[in-house]
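Chain IDs A, B, C and D follow the sequence of writing; residue 1 opens each chain.
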Amino acid sequence: MIDLQNLLDDVVGDIRPLIGHGAAADYIPGLAAVDTNQFGIAVATRGGEVYASGDATVPFSIQSISKVFALALVLAGNGDSIWKRVFREPSGNPFNSLVQLEHEDGIPRNPFINAGALVVTDRLLTATDGSAAEAVRRFMRDESGNPGIESDAEVAASEARNSHRNASLAHFLASYGNLENSVDAVLDAYIAQCSIAMNCTDLALAARFLASNGRKADGTSFLSASQTKRINAVMLTCGTYDAAGEFAYRVGLPGKSGVGGGIIAVMPNNCTICVWSPGLDRSGNSVAGVAALDALTMRTGWSIF
Amino acid sequence: MIDLQNLLDDVVGDIRPLIGHGAAADYIPGLAAVDTNQFGIAVATRGGEVYASGDATVPFSIQSISKVFALALVLAGNGDSIWKRVFREPSGNPFNSLVQLEHEDGIPRNPFINAGALVVTDRLLTATDGSAAEAVRRFMRDESGNPGIESDAEVAASEARNSHRNASLAHFLASYGNLENSVDAVLDAYIAQCSIAMNCTDLALAARFLASNGRKADGTSFLSASQTKRINAVMLTCGTYDAAGEFAYRVGLPGKSGVGGGIIAVMPNNCTICVWSPGLDRSGNSVAGVAALDALTMRTGWSIF
Amino acid sequence: MIDLQNLLDDVVGDIRPLIGHGAAADYIPGLAAVDTNQFGIAVATRGGEVYASGDATVPFSIQSISKVFALALVLAGNGDSIWKRVFREPSGNPFNSLVQLEHEDGIPRNPFINAGALVVTDRLLTATDGSAAEAVRRFMRDESGNPGIESDAEVAASEARNSHRNASLAHFLASYGNLENSVDAVLDAYIAQCSIAMNCTDLALAARFLASNGRKADGTSFLSASQTKRINAVMLTCGTYDAAGEFAYRVGLPGKSGVGGGIIAVMPNNCTICVWSPGLDRSGNSVAGVAALDALTMRTGWSIF
Amino acid sequence: MIDLQNLLDDVVGDIRPLIGHGAAADYIPGLAAVDTNQFGIAVATRGGEVYASGDATVPFSIQSISKVFALALVLAGNGDSIWKRVFREPSGNPFNSLVQLEHEDGIPRNPFINAGALVVTDRLLTATDGSAAEAVRRFMRDESGNPGIESDAEVAASEARNSHRNASLAHFLASYGNLENSVDAVLDAYIAQCSIAMNCTDLALAARFLASNGRKADGTSFLSASQTKRINAVMLTCGTYDAAGEFAYRVGLPGKSGVGGGIIAVMPNNCTICVWSPGLDRSGNSVAGVAALDALTMRTGWSIF
C-alpha cells in the first residue's frame, strides 16, 4: 500500500519552488487579488478516505471546474440530448474563442470551452426551472458533506462587471438559436456557478463519482458507468483548455482546470485528486498544480495509459 | 477469463450490417480500387497470443498507422528533441490542413497530422542515414515475425502521382526551416512508409510494445514505460484525425487510424487490437472498424476511463 | 449633354428582367415582408438637379447606407481620431464576422462592416451627447430638403428583437475596450440609424457632398476635399461587403449598399446615384441595383478608372 | 499646365528624409543586398512624354509589378476565362497566405496575391507555348523602347533557392486541379517574370496602356477600354497586398507594388507614375515610394476619387 499522506507531503516538497510562479487570472479583479503563494492538494479514495497537504482547506473560486458538474447534472437528468447542441471534440483554440463557432454554425466544439459550457448551463437552467447554479451548489454540498458551500458574491459581482466576452459568446449562440433561456439568465447562472468557492478536500470528495462508475457518496447511482467513462474521456481530450494534449502527455489522467487555479483529476476506479495554486500558465492552467499532478503520477505510476 | 475467440466472432456478427458502409479513400486510385466488403479484426495479448476473425490475414495499406511507428522509432533513437519541432495538441482541423501551420509558424500541432508526420519522417531519415521507410518495415517484420512485409509499389506510385497536398505541406514546412532533408527525400520516405501493406494480425503484433511498457516481442526494451504511456496519450488526443474526441468518447482507448481503413487500439498492459474495413466516414476513419471497437469495448468493458 | 431622364428610363428597361430576382433580407421580419418587385433609380447632379425613374419616391430602409453618413459626421466633428479605433482595409470576410476581430485585437477592419460601424456610432453617440441617430436623420433632412425623414419604428423593433449577432459584436468590442458607451446605448443608436426610411431621390440628394468635395446643399463646407475623397476611397474598397472587388470591377464607382436593397454610388465631381430593389444576392447587395449601376455606367462611360 | 519636372524634383525633396527607411526584402538574398539609399520617380504622359527625377534610370527587380503585365497579356489573349480560376476580391490576408485558398477550394482571391499570380502565369504559359516570361519581357521592351530589358539571373537563382513558400502554394493549387502546367514549369516562369530588371522610366512607359484605354505606344489596341478600366479596378482593390485600403485612402490612384521597392500608379486618361526605393514597410510596400505618391497626389490633386 502507498502511504498517501507521506506521498502528498513529498509532492508538496517537490513542487514548492514553483509555488507563486505564473500569474493569477487578471481579467477579473476578484481573482487577481488572490495571494499566489498558496498551494493545496487532496486525494479522495473511492472508499471515502481523504488525504491532504498544504492549503487544502482554503476555499478558492472553482471557476471552470464547475463545468464538469453542470455537465454531469445535465446528463443525469436529460440523457444524451445535450450532444445535439454541443460537440465533444478538442477545439484547438483558446477557451473563449468565437472563431470556431462561426465556422461551425453556432455548435460549440465541446462542453468545457466557455461557449459549450453556456449551452450546458442553459440546458440545466431549463431542467431545474431556473435553479442551475443552486443545483450545482446542492450537489457539491451533498457529495462533500459540507453544507456551507456557497457562491462568492464578490467574485460573482466582479465577473458580472467583466463579462463582455461571455456575453458576446452567449449572444452569438442565441443568434444561431442555440439558447433556450435569455442571454441574461444564462450569464447570471453561469457566473454564479463559476464563482462557487470550495477547498481541495471538498472538491476531491465531490468529484468522487467520476472514480466510482457514477455512484454518489451515499452509494446510489448518479450516472451509469458508461456515462461516467465518457465524461472522463471528454475531460481528457478537452479539460485543460488548449493544453489538453500536453496535460494528457505529462499527467496521463483525465482532468479539468479552472482559472481560479484549481484542477481536479481522476484515477478511474481508484481516487480523485484536487490541486490548487493560483499562479497560471499561458494556457490558463495552474503552474504548481500541473507540476504537482505530474510529480504525483510519477511517484505513484498512476496513469490511464 | 474472456473467451476472446468467441468474442471476436460475436463482434464481427454485431457489425456485419455496417461492412461496406462508407467509401474507400478516393484521392488515391490505388486505395479507391479496394473492395469495401471486407472486415478483419485481431487481438494480440501482452503475452503474445493472437486471436482473430474475419479478413484478418488480408494485407491492406497501413497509411497513417505508420505514423505511430515512425514516432516510436524517433523517440527510441533521439529522445525528446523531436518535440521542439512538433507540438502534441489536437488540431481541431482536418489532417491535411495548412491553416494552423501558418498561424503557428510552421510547427505542426501533433505528429499524427500529415504535417507533423512529415517532420517525424524527416527526423527519422536523418537518424537512419536515409533509410526511414526501411527502418519502419524492419520493425514491423521483427515484431510481427513476418519477414515478407513490404511497401506496396503500386500504392506508392499512385500516392506519388497524387501528392500535391503533401508536397505543399512539405514545402511549407521547409519555408519555415522545419525540414532537415530535401522535400523530395521526405516525400519519398513518407509515401514508402504509408504504403506498407500489412494484415490485422501482423499489425496487432507489431503494436504490442504499446501495451507492454515499451518492451519488444523478444522482451528487450524499446521505449521506457513513460515514453510508451506518452505515445498512447498522443494517440488518444490526436490519433483519429478531427474525430479524436468522438473516438475517446465511444471507444475509450488510445487508437490510430489510417485512410486504408485500418485502426490500431491499445488496452494498456493488456493487449493491442487491429481492425480493418476500407469504407471510411467523413473524418477518414473506418466505419465498420470504429463500430467494431465500440462493440468490443462494450462487450469487454475495456476502457482506460 | 446626356439626356439623363431618357437614360434612366432606358436603364430601367435594361434591367427589368432582373427585378424581383434575389431574396429580401430574411433575418429581420420587418425587411423580409417587403415586396421585391420594386425598383427605383435617381441621379442628383452636383448642381442639384434630380432625375429619377421607377419607384424612386418609395421609401425603403437604408440600413448600412447609413454607415457612410455616420462616418462623415464623425469625421466632420472629430477629425481623424476615429482611425485609431477602426482600420480601413477590406475585410475578406462577411459583414458580420467576428473572426477578424479576434485575430486583430478588437479593431474592426473598416467602418462599413458591422463591427466598425458600431465603433463609429459609438463615437457619434459621444460627440452628440447621445443623439447619434437623430444627427444622421437631421443631416438627411437638411440635405434632401425633406423634413419628414424618420426611422421606421416597426423595422427598428424588428431589428431589436433579432439583434443577437450585433449584440455579440458589440460585447466583443467592449471586451477589448473599444466602446465608449454602453452596449445597449450603442445598439439602440445603431438600430435607429439603420432603420431610417428614405427614397432614392432623397438619398441621392443627401449624398451629394460626396460628389462635391464635401460641400453641403447650401454650399457650405461639411468636409474637406481630401476627407471627401478618402470616404469615397473607403467606399470603393469596403462599401459592398465581401463583393467590393467585384463591384469595383463591374461598376467602377465608389458605392455603399444596404440590406434593404438600396445602393448609393458616386461619380466624383459630377453626381450621385441611388438605386433600390429589395432582392439581394448572396453577398447582400441588390441584384437589380448592381445591374442597373452596371448598365448606367456602360451607357454613360462613367467610371473612376 | 503643371511643370512636371519641377514638381517631381520637389517631391524628391519632400520625401528625402524617408529614403533609406524600412528594410529591403530579406527573404531573397539577391534583393536583401540592394542599397536602400536610392529613390527614383518617373511620370509618362499618355502622349509619351517622360519626366523623371532621382535614380529613375537605375534598374531594379520589378517583382510583383510583373503580375499586372502578365494579367494584361492573358486578358488580351484569352478574354475573361481566367476569371473562372481566380477571384477579384481583396484578400484580407498577407500576399503569400494559404489560409484563404483552403477555405475557398483552391481559387485564389485575386490575381495579385502570389497564388493568383501563379494561376495567371500558368495560363500565360499555356497561351505562349511555354514562353510566359519572354512574353512579359517582350512587351516591356516594345512599350518602353528599351530592347535591353532582361530578367536578372542572379535574382532569379536567389529566388529559386528560396521558393519553398511559392512551391507550397503551387502544389496546393495543383492539388485542387487549378494548374494546367507542371509545378516546376510554373515556378520557373513565375520567378523569371518577377526577376525582370527595369528602371522607373521604362516601367512608367510600359504601363502607359493603363492610362490610355488599352492602347499601346504605337497606337494600336492591346486591350479594350473596359478591360483596361477593370485592371485598374483590380489594382485599386488588390494591388498593394494587405494595405490596399490604406493605399486607396492615402494615394487615391490604382497602384501595384513589388517587394523590389517599385510601385506603378495610374492616373486614368492622363499618365502613369513609377516610383522606386528599396526600403519596405510591414506590408511589403516601399516606404519612400508610397510617401512620394502621397506627396505627388497632394501637390497635383490627382485622384480618381
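As a working rule, contacts are C-beta pairs under 8 Å (C-beta built on N, C-alpha and C of every residue); 3 or more make two chains touch, one makes a residue touch a chain.
Predicted model, so just to flag it, every value in this text is computed and none were measured.
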Contact distance in steps, from chain A to chain D: 2
Shared interface partners, meaning chains that touch chain B and chain D: none
Chain at maximum distance from chain D, centres defined as averaged CA atoms: A
Chain centre separation in whole Å, for chain B relative to chain A (CA means): 32
Inter-chain centre distance, chain A versus chain C - centres from mean C-alpha coordinates, in Å: 47
Chain B and chain C: spacing of chain centres that average the CA atoms, whole Å: 55
Shared interface positions of chain D, touching two or more other chains: none
Pairs of chains in contact (touch as defined earlier), listed by label: A-B, A-C, B-D, C-D
In the complex, chain A residues that touch chain B: 87-93, 100, 109-110, 228-230, 232-234, 236-238, 242-246, 248-249, 252, 254, 268, 303-305
List of chain C residues in touch with chain A within their complex: 97-99, 102-103, 164-165, 167-172, 174-175, 183
